[in-house]
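Chain nomenclature is as follows: A, B, C and D, assigned in order of appearance, with residue numbering initiated at 1 for each chain independently.
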Amino acid sequence: MARYIIKRILYMFLVLFIVVSTTFIMIHSIPGDPLTATVENLPEATRLNYYARYGLDKPLMVQLFRFWKLFLTEGSLGESLKYPGRMAEEFIVKYAPISFQLGIWGLVIGVSLGMMLGINAALHKNKLPDYFGTFVALLGTCIPAFVLAALVQYFFTVKHKWFPTAGWGGAIYFVLPVLCMTLSPVATYCRYMKSTVLDVINQDYILTAESKGLPRGLIIWRHVLRNTLMPIVTMLAPSVAGLLGGSFIIESMFAIPGLGTYFVKAINSRDYTMVVAMNFLFTATYVFSLLVVDLLYLVIDPRVRLEAKQNRRAVASNVPNEN
Amino acid sequence: MSPMKTDWINDTEGLTPEMFVTVGVDESKDRVLRPHISYWQDAFRRFKKNKLAVFGAILLVILMLLVIFGPIMAKHSFEETNIAESYHPMDKDYWFGADKLGRDYFARVWQGGRVSIIIGVSGAFICAFVGCIYGGIASYFGGRIDSFMMRIVEILSSIPYLLVVILLSLWLDAKGIKTLLLAMCLTGWTGIARLVRSQMITLRQSDYVLAAKLLGVKPLKIVTSHLIPNTIGLIIVNITFRVPSLIFSEAFLSFLGLGIQSPETSWGALCSAAQTVFTFKPHLMFFPALCIALTMLAFTLMGDGLRDALDPRQRK
Amino acid sequence: MSEHLLEVKDLAVSFSSYAGKIRAVRGVSFHLDAGETLAIVGESGCGKTVTVKALMKLYGNSAAFIEEGSSILFKNEEVVTMDRKQLSKLRGEGIGMIFQDPMTSLNPTLTVGYQIAEGIRFHDKSVSKEEAYKRAAELLALVGIPSPEERIKQYPHQLSGGMRQRVMIAIAIACDADIIICDEPTTALDVTIQAQVLELLNELKEKTNKAFILVTHDLGIVFDFADRIQVMYAGVILERGTKYELFDEPHHPYTWALLNSVPSKQSQRKGTLYSIQGTPPDLMMDIKGCPFADRCVYCMPICKERMPEETPLSETHSVCCWLEHSMAPKVKAPAAGGEE
Amino acid sequence: MEEKKVLFDVKNLKMYFPARGGKLVKAVDDVSFKIYEGETFGVVGESGCGKTTVGRTILGVYEQTSGEIIYRGKNTADFKAEDKMAFSKNCQMIFQDPAACLDPRMSIGTIVSEGLTVHYRNMSKAEREERVNQVLAYVGLTSDYASRFSHELSGGQRQRIGIARALAIEPGFIVCDEPIAALDVSIQAQVVNLLTRLQKELGLTYMFISHDLSMVRHISDRIAVMYLGSLVELGDNKSIYGNPMHPYTRALFSAIPEPDPYHSWLKSRVHLQGEIPSPINAPAGCKFCTRCPQATEQCKLEPPALREIESGHFVACHQIQPVNA
């Protein structure tokens, strides 16, 4: 089991390394550099000086090596090209918590709400909760977040001044952005949960549970939900990635000082260090959520646990089925 | 035992001896009674039964017609600026009003629709095409090649696609349909590649493919006569669901200012432009947003219907 | 009032599907006493499983319902009109069930011990968790699983098919049900494992005073296990009797076919097996007359017109066939396994 | 009796599959037998005994790990392209699951004529159609069926189509892999009757793989009993069923349910303890030693060879000595 976990963690680092290195190379081979993006008609000497200071004159591979060396020895992601003297990780430490808060709230509320709607829809198939779930799911898939954000802003901040329009302060600033972010996960998880629950409910072991005389509530709680968790958990990692992307728009529309706004700025000003650093963070979040999903499997499904214990890797077996 | 009529065997009322002549089994009866339908006919029948899906299809046709003929029907070109008509209200001349530069909004909405739908549809087909070939190759060779190719897919799909778009638009130093398409397809094909691969692997292990192999059918013939026809339904469904998601992404990127640039436009770009004046001119946001929503709805409903119609698990 | 443990009268069960109503069980009556074993024999789709599931109104998520006019009396209580609470008590305490496929009938995410103990604890709230697990271990020992203390902590996938079926049996008897329904209990098992499981069921039968209902398509296992047999086809019972009566003097052509289509030790090698032409009728259709008429070599015009009534042949033996009628030609049952 | 012609001579066949964790599933482990022309060679055993793998390996679905398969005096490993074509024309297979073995997107006519397009390239379309109708008639179906799709047919009808597909190219040898396991009792008899009739009419050779021991007894001339990848007993129908020698065969055959209320097979059967070990961790010596009541030290260490005990009756057991030795 420990070996399995270690293997997964090592794999996570490998993916992280490849993705970050690739983006590093990609962004450094973009034509144009931070200086020409901001200042025009720069003397050649100043330019070379500037390059030398940030090591941009070195071959790409050397730059990449230096980047990793700096990260591994000092835990630093390098100096910002736009704000000299400030390190990229400073920005991350400052702005990431806001983005993550928004993302996590959106995800938690969205997923749990969606799951509840989905379960209800599946258990009352072709009845009101089912239609309601389908309606919400359709709404969620059809309305882009920015449209919802605009509508919400219009009704709750302009027409009725119930909430502050934009900015960042207490919990009250939180409500509308999170509301806009939950819509898409609610829709996705409602649809998905419904079909998964319907799948599980038709399994033979649910009939076994019923034949024991267990009441419906207990069967749903103990037998149905437990077995729907597996497929749902699988979807979590892509959702995390999706929400990080989604937060960009919401952040810019509600003028929230999060990483998203910064990311776009950094790219437009060719702040290589910042782009690489933020990409590092996003990729790490995604890969880490994949790892968490893998570990959750271990907790939820005893079959995976057993395999991990025996330290086997999933290899498609081609032994014919004999019956 | 429950009481039974014992005299039933002697009760001859209404019975004639002809009724008791052994006729045996009528051999001709052992025929199929069900109406004769092919797979696609059956799928189509199933699709027609799904009212929501049919509604989606009709909605899509209407939207398509408007997108094709809308810019022609409008009284002004979508590019024609006329500062004097800035924010012209909705009337007979300007059906949806005009934007800040006095451009006819009706023409712009449908012109934007062209771009959005072209991106969605062609992107979905490109993704499907690349994904099918990649997944097909991986599953055909199997073994090490397969697991190596799938590792690449795994890593590619861990790159946030927003980053890819941004990088590409900087790299190509161009924003527009081609950049957007390239960026969205660069990572978008991985999902369908996985799907095709797993479906092909399942099919290759199926008994009927084994039977074909034993009959001496050449591998390429097996691919064309068994594997592709049995995957095509899955791919169609996937394309139907991918179109709206690409339209969504395009809108999202254009909204961030990374997509289509003026005077070309798309629904996302229109929304983005309308956002700043939303409080005063809500209709500028309303039309493109409604179009996006309706297109999404049409494709989603149709996709649901197609999936139910084509999914072999649902067949009875 | 009924003197039987279970009395079923005119039971009819239907499914609603998008293409129409499927009438799976079309009026079935039978009874069961304590300590006896009844077998329901028939091919797939004949309604045998639906019948026994109806005894505890167990339909899962399917759109099945019991038609009006049906009556199921368990210990003189009407099952058809029972509410959820009464049903909960009936299931487990009154009737237990063993399903066909042990690979899918156990929840893969819960331990074997939990799955046995949860029923015990639900039906007797005074039992503590420890006690329930102790009882679960005892039950596993009773069904012949070695080292039960360790097994209760294991998950279903760690057990073999035969073991899992034993666990299913333990679950069915956990709350001391009066009737144990075995729905094709050995169909998914290998021959030697099938014998082991049947032997276990036989032991349980001898040790306890429980009544058993065995649902199967396999005549081979019926004669060694059941006291009485009833043959079902297309939702109706065509013939019933003690196993000796059915073996010695089967009266219905369908029973003949069932008995003779399986090659026996005596049958001639590579000879033609007694077979039935065609396929069972579509249960969506209304069937006028005898449902077997279309496939019966002795079919007469009357068979396709009117359903024959049940003719008693002895206290326990009865048959539904026009051949019994005084006007019908006298037909002799074909010799077992020979050439036609 | 005249000398029978050997169709297949299988020598020391081994078929191992890679399993998880670098282990091997020894699905077929050192199996030798002959199949004579015109006979029905029955293979029986419980799940996981390797009977399906044997059938598939001799048809070339898998490449064997080691061992030789000699077909009509020629090693299949030395086959050239034209030999392979001739082999595939002559050796066909019928599958267990009639629903899974027909492509749902193909009409019955296309399915049945699939082999014709490979082996009878010169056939005109009309000739092909005629051949399809002829084969359908063989299996008791009318030509109406040619334009149908598999989902429109019942299980028994589908199995007939599977048989028709194999018959279309006029093979001499057919591997029947559990052809009746997925069918109802009354339909089973139909299919078995069809198979025996076709054998008589067309002079086919069958390899009949099944776990249904009474059907195998009914249809087979010679029978091989397999346990965990090994052949434990081989002989003609009469000696195998009349005088089973290997302890496993005895236990297996005594567990066949007999529809007879006066005689309890359940009580009189040979009791077997335990269950079949996994083919990944099969015992080193005799595969059956973990469950065998007569197992000795020798059985645990040394795998027994298949020896001829009586004429034509082979048993792999250390405890059984040849009669005239």
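In this section, a contact is a pair of C-beta atoms (placed from the backbone, for glycine too) under 8 Å apart; a residue touches a chain by one contact, two chains touch by 3 or more.
Note that the coordinates shown come from a computational prediction; the quantities given were computed from them, not determined experimentally.
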item: C-D or B-C, whichever has more C-beta pairs in contact; value: C-D
item: Per-chain CA centroid nearest to the all-protein CA mean; value: B
item: Whole-Å separation of chain centres (CA-atom averages), chain C against chain D; value: 32
item: Distance between chain centroids, defined by C-alpha means - chain B, chain C (Å); value: 46
item: Centre distance in Å when chain A and chain B are each reduced to the mean of their C-alpha atoms; value: 25
item: Whole-Å separation of chain centres (CA-atom averages), chain A against chain C; value: 52
item: Residues of chain A touching at least two other chains; value: 318
item: Residue numbers of chain B (touch at least two other chains); value: none
item: Set of chain C residues in contact with two or more other chains; value: 277, 279
item: Residues of chain A that touch chain C when the two form their complex; value: 198, 201-216, 218, 222-223, 226-227, 300-303, 306
item: Residues on chain D engaged by chain B in the complex (per definition of touch); value: 59, 61, 84-85, 88-89, 91-93, 95-97, 100-107, 111, 114-115, 117-119, 142, 144-145, 147-149, 151-153, 157, 162, 165, 169
item: Partner chain D, residues of chain B touching it in the complex; value: 31-32, 34, 36-39, 42, 206-208, 210-218, 225-226, 229-230, 312, 315
item: Residues on chain B engaged by chain A in the complex (per definition of touch); value: 154-155, 158-163, 166-167, 170-171, 173, 201, 205, 244, 248, 251-252, 255-257, 268, 271-272, 275, 278-279, 282, 285, 289, 292-294, 296-297, 300-301
item: Complex interface listing, chain C residues touching chain D; value: 43-44, 160, 162-163, 190-196, 198-199, 202, 217-225, 243-244, 247, 257-259, 261-265, 267, 269-270, 272-277, 279
